[in-house]
Amino acid sequence: MVSSNLFAVVAGVGPGTGAAVARKFASAYPVALLARSPENYEGLVKEINSSGGKAIGISTDVASEESVKSAFEKIKKEWGSDGCAAAIFNASGKFVRKPLLEMSVDDFVAGWDVSCKGAFIFSQATLPLLLNAAPKSEHPPTLIFTGATASVKANALMSGFANAKFALRALSTSIAKEFAPKGIHVAHAVIDGVIDIPRTKDWLKDMPPEAKIDADEIAAAYWNLHLQGKRAFTNEIDIRPMLEKW
Amino acid sequence: MVSSNLFAVVAGVGPGTGAAVARKFASAYPVALLARSPENYEGLVKEINSSGGKAIGISTDVASEESVKSAFEKIKKEWGSDGCAAAIFNASGKFVRKPLLEMSVDDFVAGWDVSCKGAFIFSQATLPLLLNAAPKSEHPPTLIFTGATASVKANALMSGFANAKFALRALSTSIAKEFAPKGIHVAHAVIDGVIDIPRTKDWLKDMPPEAKIDADEIAAAYWNLHLQGKRAFTNEIDIRPMLEKW
Amino acid sequence: MVSSNLFAVVAGVGPGTGAAVARKFASAYPVALLARSPENYEGLVKEINSSGGKAIGISTDVASEESVKSAFEKIKKEWGSDGCAAAIFNASGKFVRKPLLEMSVDDFVAGWDVSCKGAFIFSQATLPLLLNAAPKSEHPPTLIFTGATASVKANALMSGFANAKFALRALSTSIAKEFAPKGIHVAHAVIDGVIDIPRTKDWLKDMPPEAKIDADEIAAAYWNLHLQGKRAFTNEIDIRPMLEKW
Amino acid sequence: MVSSNLFAVVAGVGPGTGAAVARKFASAYPVALLARSPENYEGLVKEINSSGGKAIGISTDVASEESVKSAFEKIKKEWGSDGCAAAIFNASGKFVRKPLLEMSVDDFVAGWDVSCKGAFIFSQATLPLLLNAAPKSEHPPTLIFTGATASVKANALMSGFANAKFALRALSTSIAKEFAPKGIHVAHAVIDGVIDIPRTKDWLKDMPPEAKIDADEIAAAYWNLHLQGKRAFTNEIDIRPMLEKW
């Protein structure tokens, strides 16, 4: 167990990766869970608090600077500004699969607004706290971005999602290069496959479980990224289930 | 000379690539030149019109759907809606080189807004006209996006520019995959180096001319992309000067 | 027409890309055609010589240093060592599609031996002649390597072909970086699709012609690479037919 | 501790990554250490055996099919053919940094021969044993290849090393795609930086320790790859020290 003054924050908490990551990091740190809708974190906050961890949930729109600022004021009120040991950005913009000529500009903007602008705003809020944590954190403070197949492959009808995820990957690399010399570990994960969550339970139904990603395994991978020392930062991993075609 | 009903359009006309591309395509098509500020196209419009070509200039903010729509209405008034043989998107968002924590959200958004959202809006305006042109154009109608080093490499302090250029590259690929089967040729150019224009005349001063890219050569490369037939589309090229380190 | 003392050389002449490239470059230069089996170049040599060009064919095993040296001695005997304006490496190792455990070491080596070691040997033979040509050639002397889908995508059962093509791409880039400052233009082409040649006539039979690449279009693209000036080298292009899925 | 019938094998054991990986995996499995020269493994074999683990060393030339076959016969004699839980290929061909025209064909071949052909031969020897282990291994049997900066970046003067490392990366991906559906986890690590070993002690001398990679951290990353379940395979990671420029 590391210093209890340091906390972790997860943006984009839902029933899949976000929740699994929150549970994992909650075993070591108090965790702040950000999601637009409280129903996405309420149960989880109770679960963590009742099982020996500490969690707070904050309704946040990551695409809004004001909303993110307000969320971090609440976090500071709770745990001070000693620092943040780990910040995970797991929010994604609306997934719109449409022919280009049928997309509205709003459809198109919606993807980047959350996935990339949101990641930028979240990074600006967390990096000063990650820097604060650097001298006292057992493990290099870590900022992780969740990517997707579309981070490296832009398919037809996916222009909204893919441009945003490519953009996020660039943002992650740029921040990694700027902040690594200051001891901050920035990583990007290309999640290449369907995550096994309630919403996807009817997908790939005729396939064995190994056709979908287990969100707890993503959480374990993120945790291992956090454990890496300053002399071996991994800045990108891919994750796919055994039966994925790629 | 191909059918005079077909036109070409260049967005992002300035003293470098845009002007060179406009001149090149003006030797075959009437060209519409879009730029925010009229001073960026006025001289060129005169030059093309007085040397046997046809050109119009339209003050346009590519990041604004309204502005782009209005520009294309003017184009249709001029040349009808028979079709567009070539559309070149050469606009770039504000180039901001700043530490992440010193960037404003507006700084960050400004890059993507023009480079990627602008490219999306421009694509939506031009693709129907490119599709119209497909049956009658001598060469497959062509949509070209100008990228940069930052399209494939995200460096420190470049988060605004790089995320936008990565995003543009994804957009280009997604459109290429959707529209190639309809006979539209979409290409992305990674311009990897300093272009030799008035604004960069003091850059790399101690180096020979081969340290900078000649904009006319970019225009020649774009033209060659346009000449490619349906059985050999190039979807990405890189361009760098002989003395570039990469 | 450029100086008649400069020649072009094409390694890997067969009925597809090699022949098309040879014809294209023969319109400007005397061409030396290298292929293992004389039947691959004999008809073409006659065709070029009888239609106003100059061509010689030399039976060559590009994977053998001795064989390549001997070929270039014949070339020098014919045209002197004034220099080579363009060298195209189009040879490919045996294409073996097999489960990994069913491949022999010889199967595996055969791919790299021709595609990459052959390219290295060919480059060592041609680069001094390309350097010789640099001061007098109208266009920067050009060395082009033919790649494939497998240059950037390594699929199951393709370990022999893909490792060799990835390797070739690295070789091309390394040579490009070393020799660009000396005025040599090195380029790599990712040919992503089935080329329309006699051997592939039954492939994609139910598809329109736009499902296959026209070898003459590859030749046109290579020629355009050769025409590029020192201030705008393209080091990589991809080429695919309109109907290719990618 | 997992089943004692399963073993691990490390090819390319030297004082850096190989030794660190061997120590790490020796805490769970008997380990077979392969290196050309016995002095590369003798001390380590003693160390592991005297500290509660089990290790054997076998002088092996991974570029020779005969030599590798003979090594695996020795391993089977020792531990049966129940299976291999983890196989790590860490051997690299001769690192030759030379102008292209000064390299011999032997220089060039030497890189690929070990780094890629050796990896192929090693894979053919280990995959049947990894497949055997699949039903009984606690963790999906794992095959890991050690790459380098040159796996993704081909610089001037590095044609021998880079072509081999690009080739190895393709081999790794091809095997990963073929064997993942059979439950084998194949991963490639891009080691991007100087590893802190006796041979590099004078490199980057004026820099803090965070300028070099700690081999134990590479071993930890490889171990974490091995621990991943079938529903979340990572097929590629990069590893670099905090102060690396990239």
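For this structure, a couple of remarks:
In this document, chain identifiers A, B, C and D correspond to the written order of the chains, with residue numbering beginning at 1 in each.
The definition used in the following text is that a residue touches a chain if its C-beta (ideal position, glycine included) is under 8 Å from a C-beta of that chain, and two chains touch if they have at least 3 such contacts.
No experiment lies behind these values; they were computed from the predicted model shown.
Chains that touch both chain C and chain D are absent from this assembly. Excluding chain B while holding all other chains in their positions yields a single touching group, one piece.
For chain B, the chain whose average C-alpha position is most distant is D. Our note on geometry: chain B versus chain C, Cα centroid distance of 31 Å, whole angstroms.
Each chain gets a centre from the mean of its Cα atoms; for chain B and chain D, those two points are 46 Å apart.
Residue positions of chain A touching 2 or more other chains, listed in rising order: 177. Chains touching one another, given as pairs, are A-B, A-D, B-C, C-D. Looking at the complex, you find that chain C touches chain B at residues 140, 177, 180-181, 183, 185, 196, 209-210, 212-214, 217-218, 220-221, 224, 227-246. Of all residues in chain C, only 65, 99-101, 103, 105, 108-109, 112, 116-117, 120-121, 123-124, 127-128, 150, 154-159, 162-175, 177-179 touch chain D in the complex they form.
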